[in-house]
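You will see two complexes here that share chain A, one where it goes with chain B and one where it goes with chain C.
What follows is the complex of A and B.
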């Protein structure tokens, strides 16, 4: 019992102490990792959301970015001066009056309420999109979700003139999004009263808690009746129906729950980045999150977290680092090709190679899910020649 | 009143008229078998009753209520369980997990436990393999699991589709003994079977299906004597 909880407790404690460790790391590495850690945590949340859809229910969703984008735009709509026609504030940490004493234009709702609203809104979107499409199986669903993931950013890009109404501000995006805050806290904690860009700790702890909640719900879902129903639908829809499981509703739950976490992650990201553009929500994001889930191990919560940290860590830290090394080598040997190389530009190329290698060597992911592993390795008789040779 | 009554049921696969007015009845406590050659519509009949392939025309009356058009996943709570053709067990779940799936719609823990014990009594082999992945078991064991899983819902009517498929003659014999035992414990059974010999041995009554229509029906003993049936389905000249 103690052993079972030891590792998670240590990891959670480390995660909470990270802002204290970060200055030390900064001294050694020459740069703070806190910003990267926050973005990585957002991706952990996205990956955990997608894990419900892909890992638990076995639905290949190639348009997950849509929910991320919808969540971010909910924050944009409800916590900025975008809708100048109205002036409405509700429990917002941002100032409600301008310097001249007029009410601030736009809608300004408390970030904490927006998190809930964004989750509810994206769940609703998930149901609206899922209800007709989840009757499709396999490849067809992937194609429909792919289309959906493309349509939503397009919609945001072109939504600046919907019959004269500017919903999304087009390619310019929504800027100056309010910072969240806890205004009721004492004045001795100004960084917490309103989150700023100088002190990132409040942001970090907020997303950390959101991630922990997501992990907890993931674990509960995995072990629930619904979790069992997902596994059975994944294995055989007809047999699952014969057990009294409605395959469409079961899949719809997965889709809506995944969408909720995608939306909440997006809502946080919108507030954190403070300005959102349609181009931030490209197809690449869907694929990146998908890579995280596959790399870590579909269906395994810890694997997925590790996959997200590994890939985003690669993006944020390792690739720039390798870049500097390559430049140094280039300078040393006098090769302009190497000293001018832009390694981070090739990140998707590198992800691609990693994925191909993973599929060849360990298709079940770094930390596999028990059932998934059997799905990929079942039947020794269909062992490939390379496997046989290795054995 | 019969437990199950099918009246003039027509079903289609796209444009193909697969069932052309099938009518049959199953009385409480009976074992009724549907025999017929490949492609006669035996499995289609079960699928149509079970809601996997909703009939276009006709009535399915179970326990006095019309159930045609009810989706398959609602059948189990009405008391109809199916052990589908090709077994369709959850091959990556363990034996225990498969049986638990059979009781998915139930929440009475004690009752589930009792029924699991009952399944293990019928199939001691399953108890030996309780923690084994279902997909790694032999064909006969998988068939036992499929039947056991269907029993876990404590059905009033059990639909069995080709339980003898792919099994050795000895195993077929054993499975059919158990089916008889299940029936003796009070479960009504509608059995679709290509192996007419064994099916007619345990059945109360039988229906003969030919190209989507019932061509003959009689008590099983009578069908076994019927020269036409003997020639066509029992392998005698």
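What follows is the complex of A and C.
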């Protein structure tokens, strides 16, 4: 028992204490890690959402960015002055009146409600997209999802004039999105009453709790009847159907649940970044998240989290570091090619290599899914199937 | 067969919708016939470029049932090879619009041939390194590898020519062949069509009349049976990739000469258009890929003209999604995309 819970408890405690450790790290490294920690956490959430689709149900989704974008735009629509025609506020932490006393234009709904709305909206979109497509075979499904992943950001890019109606403000994007907040808290906690840009702790704890909820739901789903149905559909769809599982409904659940987490992550990201552009939701994001899931180990929750942290860490720290080294070498050797190189630009080269090498050498990922190993060692202790944490 | 079978409400709805679209197009065509014909010709030219890439997808899919995601980026490599030969360095460079006709023709031919050879071998190398070890793995594993290869090629392009659009030398005149400007059909367009037809005929001859082509058809039908009768399956698969690469290389150079620009990520969109074409015609079906290529080219140019350039990509990806959802076998195809043998 102790052994089973020790590692998760230590990791969660570390995650909660991170804002306290951060000033020390800042003193050593010269920059605060909190901002990147928040972005990494958003990607952890995205990767966990995609893990349901790819890892549990075995559906390759190449358009996951669509749900991320939809979630972010839900925040943009419901918590900014974008829709100037109307003026509607509901429990929002943002001020409801302008300085001159007029009502603030646009829709302003509390961030916490938006999180739920974004999840529900993207789940609905997932069902609408998934229902006609999920009967396709795996590789065709991948291309259909890729098609949707391309259509939706392009639609946002062109959506500034839909018969005269400005839905998405085109390439300019939606700016000045309201910050979340907990206005009912006492005045001694100003950072928590209205999340700001100076103190990132409220943001960090919000996304941390969202990630923990996601992890919990992931674990519960994996061990549920639905989770076992996903695994059986993944391993052999015909056999699963013969056992009374409806493959399309089962896959639809995976798709909708994955979409929900993608949407919630997008909604948080929209509020955190405060301005969203269609160009932030390119195909590359889908591939980055796919890389995280595959590197960590499809279907393994710890692996996926590790994959997300490793790849975003690579993006944020290792590549700029390598860039500096290459520039130094270039300066020392006197090669303008090396000293002017922009290594972080080529990050997708590394991600491409990761995809190829992982598939060739270790398709089960860094931390493999125990279930697949257990299936190879049949007759061993059945208890350990539900117990990936012990590894 | 399908016209008899196709009596569900979905196919009726589709027929009605397509009819409405065609009538709308016809009204436009009557209102301004010159513009319509010009746009149709541009569509056919674009379609020729797309068809050549689509053939590469369909050849590979027909033989090992893999969506070769890196194919579009191989097309990009082809356009970069052509650009480097024509404008980069070497004895022919810089060939510009002012050079003599003979030099220009020689330059274009050289660029086409070199790009075809390079892309053919790049495709074979990708197959050997990335796909061959995974031949018995699940389908998705190979697809993920293909996506990885696509990103590797794209970044090679990024290192090679940088992130910005690169201009292609204006070797072929943009002047109109027909007198006046009622109908526009440029020398460039003629060049694309003239270069595509021999390639298509050559491919058709190779598949139908040579021993190796026969071996390809046999492997596509049944790998094990083909191996039993003494066909070298690995070599046949390599040759299929070689053919796909050759067509992509030619198409890449033609794309550059036709559009006057190329960029490192051109392969992504063009590749998806070509894949849409292959799916529309019926993936695995060579005639289907060519028909689909021309159809996608025409749909694209019509969308450019009558809906707006910025919606073209959405229209084409919409076609992709609709075809896969409602008719995954495509217009002419016979390979089922639906698990368990189709509808």
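By definition in this document, the second predicted complex is superposed on the first by the 370 of 391 C-alpha atoms of A that agree within 3 Å, B and C clash if a C-alpha of one lies under 4 Å from a C-alpha of the other, contacts with A are read in each partner's own complex, and residues count from 1 in each chain.
We adopt the following convention: a contact is a pair of C-beta atoms (placed from the backbone, for glycine too) under 8 Å apart; a residue touches a chain by one contact, two chains touch by 3 or more.
Remember, it's a predicted structure, so these values are computed and weren't measured experimentally.
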Discussion item. Quick check on the chain A-based superposition: chain B and chain C, clash or fit?
Written reply: fit
Worksheet item: Does the superposition put A:348 against chain B (first), chain C (second), both, or neither?
Response: second
Practice prompt. Please indicate which partner A:238 is in contact with in the superposed arrangement: first for chain B, second for chain C, both, or neither.
Written response: both
Discussion item. Is A:155 touching anything from chain B or chain C once the two structures are fitted on A? First, second, both or neither.
Written reply: second
Practice prompt. Scan A:363 for contacts with chain B and chain C and give back first, second, both or neither.
Written response: second
Discussion item. Just to be sure I read the superposition right, which of the two partners does A:133 touch: chain B = first, chain C = second, or both, or neither?
Written reply: second
Worksheet item: Thinking of the overlay built on chain A, is A:60 touched by chain B (first), by chain C (second), by both, or by neither?
Response: second
Practice prompt. Decide which partner touches more residues of chain A, taking chain B and chain C as the two options.
Written response: C
Discussion item. With both complexes overlaid on chain A, does A:29 touch chain B (first), chain C (second), both or neither?
Written reply: neither
Discussion item. Minimum CA distance, chain B versus chain C, superposed model, integer angstrom?
Written reply: 8
Discussion item. Just to be sure I follow: which residues of chain A are touched by chain B in one complex and then by chain C in the other one?
Written reply: 238
Worksheet item: In their complex, what parts of chain A are in touch with chain B?
Response: 225, 228-229, 231-232, 235-236, 238-247, 371, 374-375, 378
Worksheet item: chain A touches which residues of chain B in the complex?
Response: 50, 52, 71-77, 81-82, 84, 88-93, 97, 100-102, 104-105, 133, 135, 149-150, 153
Worksheet, complete the sentence: chain C residues touching chain A in their complex are 65-67, 130, 133-134, 137, 139-145, 147-152, 154-156, 158-159, 163, 268, 272, 275, 279, 310-311, 313-314, 317-318, 320-321, 324-326, 328, 337-340
Discussion item. Could you list, by residue number, the parts of chain A that touch chain C in their complex?
Written reply: 58, 60, 62, 132-133, 135-140, 142-144, 146-148, 150-151, 154-155, 157-158, 237-238, 283, 287, 290, 294, 345-346, 348-349, 351-356, 359-360, 363
